[in-house]
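Heads up, there are several structures right after this.
Okay, so chain A shows up in both of these, paired with chain B first and chain C after.
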Partner chain A sequence: MVELLSGYVMYSLSYILIFVALATLLHLQFGLTGIVNFGIVGFWGLGMYVFGVSLLQYNFPYIVSLILATVLTGVVALALGRVILDLDNQAILVATLAFATVVRYIVTTEKWLTRGVLGLGTVPFPFDLGQYSQFGFFLIILLVTIALLLYTYKLGSSPYGRLLASIQDNEILAQSLGKPTFREKLIFFTITSALIGFFGALNASVEHFLIPHVLTTGVTFTVWIALILGGRKRILGGLIGVIVTIGVLDFIIETYAPIPTAYAPLVPNLKYMIYGLTLMLILIFRPLGILGEKKSTKILKVIRKL
Partner chain B sequence: MSFLRDTLVLGLIEAAPLVLAAVGFTLIYYLNGFINVAYAENITLGAYFAVVFNSMMGMNFYLTIIPAAVLSGGVSVITYLIVFKPALNRGVGRTEMIILSVGLSFFIRYASRLVFGADILHFDIVSPSYLSVFGTGITSIQITALALVGVISVGLYYFIYKTNYGEMMRGLANNEDLAMISGINPTKVSLLIWFIAGTAGGLAGIFYGVFSFVSYSLGWNLILIIIMITIVGGIGNVRGALIASVGAGIIITAVTLITKPLYAEIALLIFFIGVLKAKKVWG
Partner chain C sequence: MPEKKLHLKNVMKSFGGKKVVDVKDLTLGSHSIEGLIGPNGAGKTTLINLITHKLKMDRGQVFYYPNGREVDISNKSLDEIARLGIVRTNQIIQDFQSLSIKDSLLLSLSTPKYEKFYKIFSESELEKEAEEEIEKYLDYFHFENPEGHALSAGEKKLLDIIRCLLLKPKFLLMDEPTGGLPQDQTEKVRDLMKKKTSEEDMSILIVAHDLDLIWDVSESVCFMAEGKILIQGCPEEIRKNKTVAKKYMGESDA
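Now for the complex of A and B:
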């Protein structure tokens, strides 16, 4: 039992949960509001490294570092969003992608701060429960992720959620009704990106050791494919997508499938090839993912009855 | 003074492959209206084809250029026929097309990593001679590349603005229905454009590879700058792409000479957002 509560299984589950949270946050940004954030790994890595640097290089307490990571990522998102969110989708995509590249460069080259490729470690757990520490931390991530999913569920049927959806559907119409669409979009982008940074900080404790190599565009891409596969319009889309992609492909196949050691280096390549292929097939044949179209909300039913 | 001279000469060399890649990229963007991220893999594959002909089959570097470029043009056409054309016919949206092309890009990148391995490859060239241009040291390969890029860009420019096919392409991009009524065969023109774009990308990859080395992430490392150049230069605007490439090359060189590559990346991002903002304000 103890083996199950620590070690690889707990690590896998914590890692999966963090990606569920990222995919859910992307659902809020892209699926609901229509912001094409291709810089997820940038915000995630920023949170992770601000946390690591504050905790290990400046010896701030754990909780202070966590808050600092969230707030700082939020501030950066606010500054970036302020200049790019009124541009068109393609420009937002390119700018966020470029932002992620910048973050990776900073982490790699500013060795005095992040220790570069040597790595930053060891990040401890916030408490010491002996062999149950990892399990305790997993429970914390589970709680935050559930809270996030509940919030997403509530948001979908709230006036604020409908305002955000209206920005995606017809921003000019929403403006003409007197809604400050740019401001709402900016605030929402800031909060969700800060949360991406928050989960990046949590990931620091899961990984224990921070190296710039973790911050590849593969992270952004994995979150995107998970959401698109699961269903970008649906609250559980991210959850389903992450279970199918990271859960099955990363952990179950890479760990338990009987692959001869000679062929083991081929597996990561094949994995990304399958990811790419799946993404293409989904977008061509089932654009709204496994879960498909959103069911009509209560308010629509009421309108139809009238 | 020597800083200015170094910046200009090295910036032009930096820009040379960028010009080719950006012109090819902007053609597809103009014709089909979406950012084709998989174009990165066209660049990579061009370099791989050439390096295989050159260092594994022992062909002279200059002789590998044409077959490698034609092959990457072929790859471009195949991706269009198998992936992009069906997707466009099914009415996949603009943003979704970009994500689709990212998927294709990952697929091809890791397929080429599977085939060619993760190690970097080098071109096999008999000791290039070093020359001095106004006091800045460059190699003979760089001069040749610069001259070739010049010739090819002039050719492309002539093709797009002066020939029948260029006119058909511009007509098709502006108004597909009207172009078809006028008797333009959209499939034929599209295939031609994708072929030319792929060839240009492949050439860009070859020159990048010969300046440094070839790896599976060669194109992916460049695609961001190429997309930025294309958007800044104006979509489908070959002249704009040319000017923006040279501008980007000079900015990268200047900032890298003064400080480190990190700030070049930041400068490019600021420049990109700045130009888009300015365009928005002044139309």
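Now for the complex of A and C:
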């Protein structure tokens, strides 16, 4: 039991939850509002490194570092969003992608701050519960992820969610109804990106050891693939997508499938091929992902009547 | 008689060197309902786009007079102008594809008070506040399924008009509001226009090719051709005018 609560399984589950949160935040940014954020790893990495530097280099308390990481990521998102959010989708895609690259290079080259490729050092858990520390931390991530999912659920049927959906559908028409669409996009982009930074900071404790290599574009692509697979328009799209991709492919198959040792080195490459194939099949047969788009209004009506 | 709502001075717009709108001096909103007519390509829709700032003018000024104050709206954005009370309906159908009819109307009625990212529990409050007003419109125009999406072009057109009316504008610009609507719905829109302008502090500028509608509702009509306002006057005057007849209606109609 102790083994189960402290070892690889807890690490895997924590990692999966972090990605569920990222995919859910992408659902809010892209699925709901239509902001094409291809710089997820940038905000995530920024949060992670601000947290790490603050905690390890400047010895700020854990909570202070966590808040600092969230707020600073938000400030950067605000500045970036102010410049790019009224551009078209392609431009936003390229700009966010470039932003993520900038973050990665700063983390790699500014050795005085981040110790570069050598790595920043070991990030501890916020508490010491002996063998149960990892389990305790997993519970914290579980709680915040559930809170995020509940928020997403309520937002979808709130006036603000409706406003964001209208911006994605027809921004000019929303403006002609008096909605300050740019301001709302900017506020929402700032908040959701700050939260990406927050989950990056939490990930620092999951990863334990921070090296720039953690911040590859692969993170962004994985989140995107997961959300598209699961259903970008759906609240649980990110959750389903992450379980199907990282959950099944990264952990269950890599860990438990009886693959002969000779073929083991092939698995990571095969994984990306399977990702690609699944994505293609989904886009051909279910363009809106596994969960699709249709909110089953009939079921909702029945529930309301009960 | 209402006071003037808008004053345009030297408003100009060209596309690729061709002057599309060139209005020297134009006062709008001095009557409850005013008509704007002119042949295709006269610049009517562009003029509306310039007033609401959907398009940027090359030069010129637009002044707005809410409650006697003077506001220069030449450099304000589309959404600011809408919040000041100048709202337009669209000639080409515009809709929010992911919103149902009811959602679309709730969006229009919702205010910044409800639209905050942290106010995720305010939906029922908004619905309660909005219910009566929305029901009124839904009863007046019959939609097949208000919980569902607007399906036909006609429904989308009506939805566009209702969304605008829910904003309680002071000055409403209607670009071909009845284009594509069946006769009974056209009459409903017409009656509603008359009712709203007589009961509330609202003026309407209507652009239409349906001249019967224009003669019926307008107290004043502007005739526009080649980007210029050629003549502004009461409907009878415009009908009898030789230039209008020649440029627009054909000699036989005069």
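By our rule, the second predicted complex is superposed on the first by the 294 of 306 C-alpha atoms of A that agree within 3 Å, B and C clash if a C-alpha of one lies under 4 Å from a C-alpha of the other, contacts with A are read in each partner's own complex, and residues count from 1 in each chain.
Keep this in mind: a contact is a pair of C-beta atoms (placed from the backbone, for glycine too) under 8 Å apart; a residue touches a chain by one contact, two chains touch by 3 or more.
These numbers were taken from a predicted model, which means no experiment stands behind them.
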**Prompt:** Overlaying on chain A: chain B and chain C, fit or clash?
**Reply:** fit
**Item:** Contacts of A:Thr109 with chain B and chain C, given as first, second, both or neither
**Value:** first
**Message:** By the touch definition at the top of the document, which applies to A:Asp169: first (chain B), second (chain C), both, or neither?
**Reply:** second
**Prompt:** More chain A residues touched by chain B or by chain C?
**Reply:** B
**Message:** In the overlaid three-chain picture, which partner chain does A:Phe99 touch, first (chain B) or second (chain C), both, or neither?
**Reply:** first
**Message:** Touch test for A:Pro180: chain B only (first), chain C only (second), both, or neither?
**Reply:** second
**Asked** Is A:Tyr49 contacted by the first partner chain B, the second partner chain C, both or neither?
**Response** neither
**Message:** I'd like to know which partner A:Phe188 touches here: chain B for first, chain C for second, both or neither.
**Reply:** second
**Request:** Based on the superposed arrangement, let me know which partner A:Met273 touches: chain B (first), chain C (second), both, or neither?
**Result:** first
**Contacts of A:Ser158 with chain B and chain C, given as first, second, both or neither** = second
**Request:** Specify the angle subtended at the CA centre of chain A by the CA centres of chain B and chain C, expressed in degrees to the nearest 10.
**Result:** 80
**Message:** I want to verify one number: the closest Cα approach of chain B to chain C after the superposition, in Å.
**Reply:** 11
**Complete:** In the complex, the residues of chain A that touch chain C are 151, 154-155, 157-163, 165-166, 168-170, 172-181, 184, 187-188, 191, 233, 297
**List of chain B residues in touch with chain A within their complex** = 35, 83, 86-87, 90, 92-96, 98-100, 102-111, 113-114, 220, 224, 227-228, 231, 260-262, 265-266, 268-269, 272-273, 276-277, 280
**In the complex with chain B, residue positions of chain A that touch it** = 36, 83-84, 86-87, 89-91, 93-95, 97-99, 101-102, 105-106, 109-110, 217, 221, 224-225, 228, 266, 268-273, 275-280, 283-284, 287
**Request:** Show which residues of chain C lie in contact with chain A when the two form their complex.
**Result:** 52, 54, 77-80, 82-83, 87-88, 90, 94-99, 103, 106-108, 110, 114-117, 119-123, 126, 147, 163-164, 167
